[in-house]
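One structure, pasted below without further comment.
Think of it as A, B, C and D in the order they're written, each chain with its own count starting at 1.
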Amino acid sequence: MSILVDRSTRLVVQGITGREGAFHAGQMQAYGTNVVAGVTPGKGGQSALDGSVPVFDTCADAVRETGANTSVIYVPPAGAPDAILEAVGAGIRTVFCITEHIPALEMMKVVAEVDRLGARLVGPNCPGATSPGKAKVGIIPGSIHLPGRVGLVSRSGTLTYEVVQAMTDAGIGQSTCVGIGGDPIAGSSFIDILSLFRDDPETEAIVLMGEIGGDAEERAAAWKQEHLPKTPMVAFIAGRTAPPGRRMGHAGAIISGSGGTAQSKIAALEAAGIRVADSPTQIPALLREAGVRPS
Amino acid sequence: MKLQEYHAKTLLARAGLPVPEWAVASSPGEARLQAETFLARGAGKVVIKAQVLVGGRGKAGGVKLAASGAEAERVAGAILGMDIKGIVVRRVLVAPAAEIEREIYLAAVLDRTERKILLMGSAEGGVEIETLAEERPDAIVRIHAHPHLGLLDWQARKLAFALGLGDHLKAAVAIAQGLQRVMVENDADLVEVNPLALVRETGPDGTPVLTLQCLDAKVTIDDSALSRHPGLEAMRDLDEEDPIDIEARRLGLSFIRLEGSIGCMVNGAGLAMTTMDLVKRAGGSPANFLDIGGGARSEKVANAMRLILAEPSVKAILVNIFGGIARGDEVARGLVEARSQQTRDVPMVVRIVGTNADLAAGILADAGGGIRTAQSLDEAVEMAVAIARSAEA
Amino acid sequence: MKLQEYHAKTLLARAGLPVPEWAVASSPGEARLQAETFLARGAGKVVIKAQVLVGGRGKAGGVKLAASGAEAERVAGAILGMDIKGIVVRRVLVAPAAEIEREIYLAAVLDRTERKILLMGSAEGGVEIETLAEERPDAIVRIHAHPHLGLLDWQARKLAFALGLGDHLKAAVAIAQGLQRVMVENDADLVEVNPLALVRETGPDGTPVLTLQCLDAKVTIDDSALSRHPGLEAMRDLDEEDPIDIEARRLGLSFIRLEGSIGCMVNGAGLAMTTMDLVKRAGGSPANFLDIGGGARSEKVANAMRLILAEPSVKAILVNIFGGIARGDEVARGLVEARSQQTRDVPMVVRIVGTNADLAAGILADAGGGIRTAQSLDEAVEMAVAIARSAEA
Amino acid sequence: MSILVDRSTRLVVQGITGREGAFHAGQMQAYGTNVVAGVTPGKGGQSALDGSVPVFDTCADAVRETGANTSVIYVPPAGAPDAILEAVGAGIRTVFCITEHIPALEMMKVVAEVDRLGARLVGPNCPGATSPGKAKVGIIPGSIHLPGRVGLVSRSGTLTYEVVQAMTDAGIGQSTCVGIGGDPIAGSSFIDILSLFRDDPETEAIVLMGEIGGDAEERAAAWKQEHLPKTPMVAFIAGRTAPPGRRMGHAGAIISGSGGTAQSKIAALEAAGIRVADSPTQIPALLREAGVRPS
């Protein structure tokens, strides 16, 4: 097993005719993901990926014609909130939004509606998820993965790749790697993903990649202690040396006042029995110390 | 983006909230004229407040009262040009001083955990809310607005009663809903009124009346939404910004100048922070935070390189790219382009892995000398720190 | 409240929807002037349309084309003053005649079952939607707007594609969302554009272009919301209303004049209709529907009685009150008051049961002659029918 | 048993200090309803009904202090939608809104939120509900009732009283009588109430009082045929002789086009095996013919 994406994933790519959408649709298909449809309003009837994927005007058409059950969104910020609502409105239950720079208050309205419909959104401004050897959805490079039994969840994008690469180099495979994105309003939290890992018999250990700002890491630590007391877990926090009060690249990475510092997060994680690495490259060693064996 | 108090008050007043009249002066003489106007209209005193985006201006002596035009001129003269936490005061706000009966704290903020707008209030205003939140969390009233319907009437009433404003119910409801509306209409992250004050005034019949007034205002705009609010973008205070920040924003780059000697160019905020952390850990010091973002094209990479090189203290450059949405070959092309235009010869350590890393390696190899490549992040960091150290030695 | 076409078009145009220019004339000469203006500006013909609130004006000859000012004057002269289903035409709308490529039906209506706004469209416009709904329900596209977020972009696109407007996506989306917005902003029950037309026009470079335009518009406003839209209340066409309806509305009464001889005064619409049904069933004929509503005070009751008596054909009055929120004593007091001012002696059968019925009985008993009372509804109806019959005999 | 209101009802009256609120609060208390609180913003700390009922500024206070679980609203139309949201926001699960003349599009927003919170709204513009001998909430005169085993649901107000009186006079008691109101947007439909009666072992027969306009009666008939095939049911439709195209008093009672006529409703009801009375006074006889015995 694995979480979120696997061999049963039937993926529709919203924005498949754009530069990013087309490129990553190809990468996902090449990895083995079952890309069943694309959506670009006004380009219905065309096809993408050398004729292998039909393009539809609407998500509803894509779902009806191809049985798509998962969506990934590469649509510019002005259209992305609507693209999410279109996907869930068409009955898609799992949506990944890669788009960055969506206004937070737009997302606030969108997540309320996604929740009401009982669907799951990962992102926005996230790299997606990969279940190695099964399927990848998003922009995480497929080559860095190794199938295995460690689940990874991260607020960062490229930092995630770094750690996954290190794990793979050390022979430690992954069940599923999920980037939840660093935006202020996100569809899925650390805890949402940890709950999925808890229910996945294939995931035996977890890596959590956090960063400064907010209190999501502290909350995740408390949740882990209560709900996953026996699962080995290691973590990393980016931004130990970041100057306070400045926004580091995306909205998530800002320290205001005394909360949200790397120190407070590391203390909370360690208090919950989670080892915290000093460098991403230390993660494989900490996993091994926690009892994880190479795949 | 933080707004100056006078801009924040403009947004509140536009939304119909009760903000006492104010004026903005950039010279002592101007402040005197404005003070005289307010005093002539019946104000007992005026308050003169430094307009800076950093906190603690009161403690720094940036807020003072004046009872006459001459005093206002003198006070404004002392505040204008003052250095508050590294920022030079260029403007002061002049307003009639209010007779305050009671101070209340009220703010609308984005609650990331609940994913809703949170109205936070405290019957004790004028305080640091962070301090209060830590010391006596029960003294803070919290109500989440409905994500689609806004702050409902009953929610605003509940807030008003909890703040002890039952005698000013209608006004308090209008203000609470107004803050939420200002937040939504301007895509703000924060709309804070501290203090919201019960002000003593004299009614038309000579009897004293108490009215609720927003005496200070702080508004922060969601950067991701600025493109749809050109009027707010125009409120940006360029005087208070580092010219290099202005240039970085123009180029669409996320850049923060630091004190060190190793220029960093990374894709992704998390990896960029981690790279900085590792540089420090290896004994070096980063000259900047720079996230070139996802899907950066070669031109953007070249621009980013120029920003780094503009800093004379930079002795080594560390490029760390893990390709995903960004493609290694695009970055490599940008680096080569920047290198060809570069006037200053700063050694560069480049690590490009992930999407199209093979193409990148080829491009960098073809470009020849001056660019050192590394495979692992640790290795790249060590190389850059070693270069910087030898250059500084 | 139904709006005249020219008022409905005003609401649409205000919301930014594409409505071709129009003018309103109340005399043939005025129509000629307006027609000449449109013809001079390049229109090939003008269309002249009777402004009445009843349907079927086209079949009745109330819509005609004219190719010249003189013809417009003649046509308008024929239409003005025309009787369409009992309504005298007092105004005509004059507009350039469009070259129609295709007609589409599009409307926003309140769906009571789903409790949402329903966007209904058909690729075949210019038809009676009720007929289409019965004969070929599949030819109607239905999309429910989100109750809080409105008609989402994707919903509007889905509607546009389903109506075959993929080549005019942006315009169709704007129109669909515009109809929903007009509905919400004006508290309408119905906003209908029939036809929405693809109109052939000549572009600036002389080539033909197709644009979507709202050629007709029908808007009905929720009566319960009129009090918060004074501008819409001002659009009420009093000319087309029965003066007694205007008076009833002023008095806050729900009154409909009918043909019969038994004036009915009832509280509650369901019971009022049932009372009418029972009067008919007993061989009588009701002179009106009148619901005095819940919680009616005595003054309102007296006003209602005056309205009933204004109709000379009324030979008997049947008062049927089942007290709940309305209280029997209030009604009885009103009846006695009305009785005391009454100039015409019409026999009255009164049945008051429920809340404070005992007090009512006392008041009526004290009032003395002319008021007959009944206990059961059936009994009251029989008494009233018998009185009316003997009066007519 | 019974539905919606009974001896466990702990009622808060919103608008208790107004003319209607005060009068009917007294009537409800006199009937035996457990009126535990009133709410009027700004009058918190006062009391109502001769000091027997405390008045609060907010519903939340009323719920916390008195354990209120049901609300009835006598607030003018401008404030009533908010009063409903306040009640459900305070955790009250059953709300009756008596107020009439609330704009339909206001109610549209309100019912969506009530549904989202899983609460139940009856009304607006409804007379409320009575479970004879247990509790009455709303404005239905208490004196007309007789405890028994026939459930009644109606779109009308006073017409309901008429039928209840006729049933009581004939010795046929009621389990619960519910007026759902005749407004275009209502919190509860015929079918919602029929579902409650289905699950109430005490209700052995049902009376449905409909009227012209809309298709609620047709839908109820179809539902009854499918879900309550064996329960005796009789109906009445008001407006057989109403002229088409005119609004009869409240928004519900209008016939447009060919739908919504008394004829189509009567036909649908009879096709579902429901006897339709010609007059409200016939209802007791039809119930007896359907096997209902006097209480």
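Just so it is clear, contacts are C-beta pairs under 8 Å (C-beta built on N, C-alpha and C of every residue); 3 or more make two chains touch, one makes a residue touch a chain.
Note that this is a predicted model, so its numbers are computed, not measured.
Traced through touching neighbours, the fewest hops from subunit A to subunit C number 1.
Distance from the centre of subunit A peaks at C, each centre being the average of the chain's Cα atoms.
For this pair, subunit B with subunit D, the centres built from the Cα atoms lie 54 Å apart.
The mean-CA centres of subunit A and subunit B are about 28 angstrom from one another, to the nearest whole unit. Subunit D has its Cα centroid 49 Å from the Cα centroid of subunit A. Residues of subunit D found to touch two or more other chains are 109, 113.
Each of residues 148-149 in subunit C touches at least two other chains. Shown here, the protein chains touch in an arrangement that is not a line, ring, star or fully connected set. This structure has the following touching chain pairs: A-B, A-C, B-C, B-D, C-D. Here subunit C touches subunit D in the complex through residues 110, 112-113, 115-117, 130, 134, 147-148, 183-184, 187, 189, 222-225, 228, 254, 256, 258, 266-274, 276-278, 280-281, 286, 289, 291, 293-295, 321-326, 353-355, 376-378, going by the rule given at the top. Residue ranges of subunit C in contact with subunit A, taken from their complex: 146, 149, 152-155, 157-158, 161, 166, 169.
Those residues of subunit D that touch subunit B in the shared complex are 41-42, 44, 57-60, 79, 82-83, 85-86, 89, 109, 113. On the side of subunit C, the complex with subunit B involves touching residues 148-149. Contacts from subunit D toward subunit C in the complex involve residues 19-20, 24, 27, 77, 98, 100-109, 111-113, 127, 139-141, 143-144, 154-162, 165, 182, 184-186, 189, 209, 211-212, 214-216, 219, 236, 238-243, 246-253, 256-258, 278-281.
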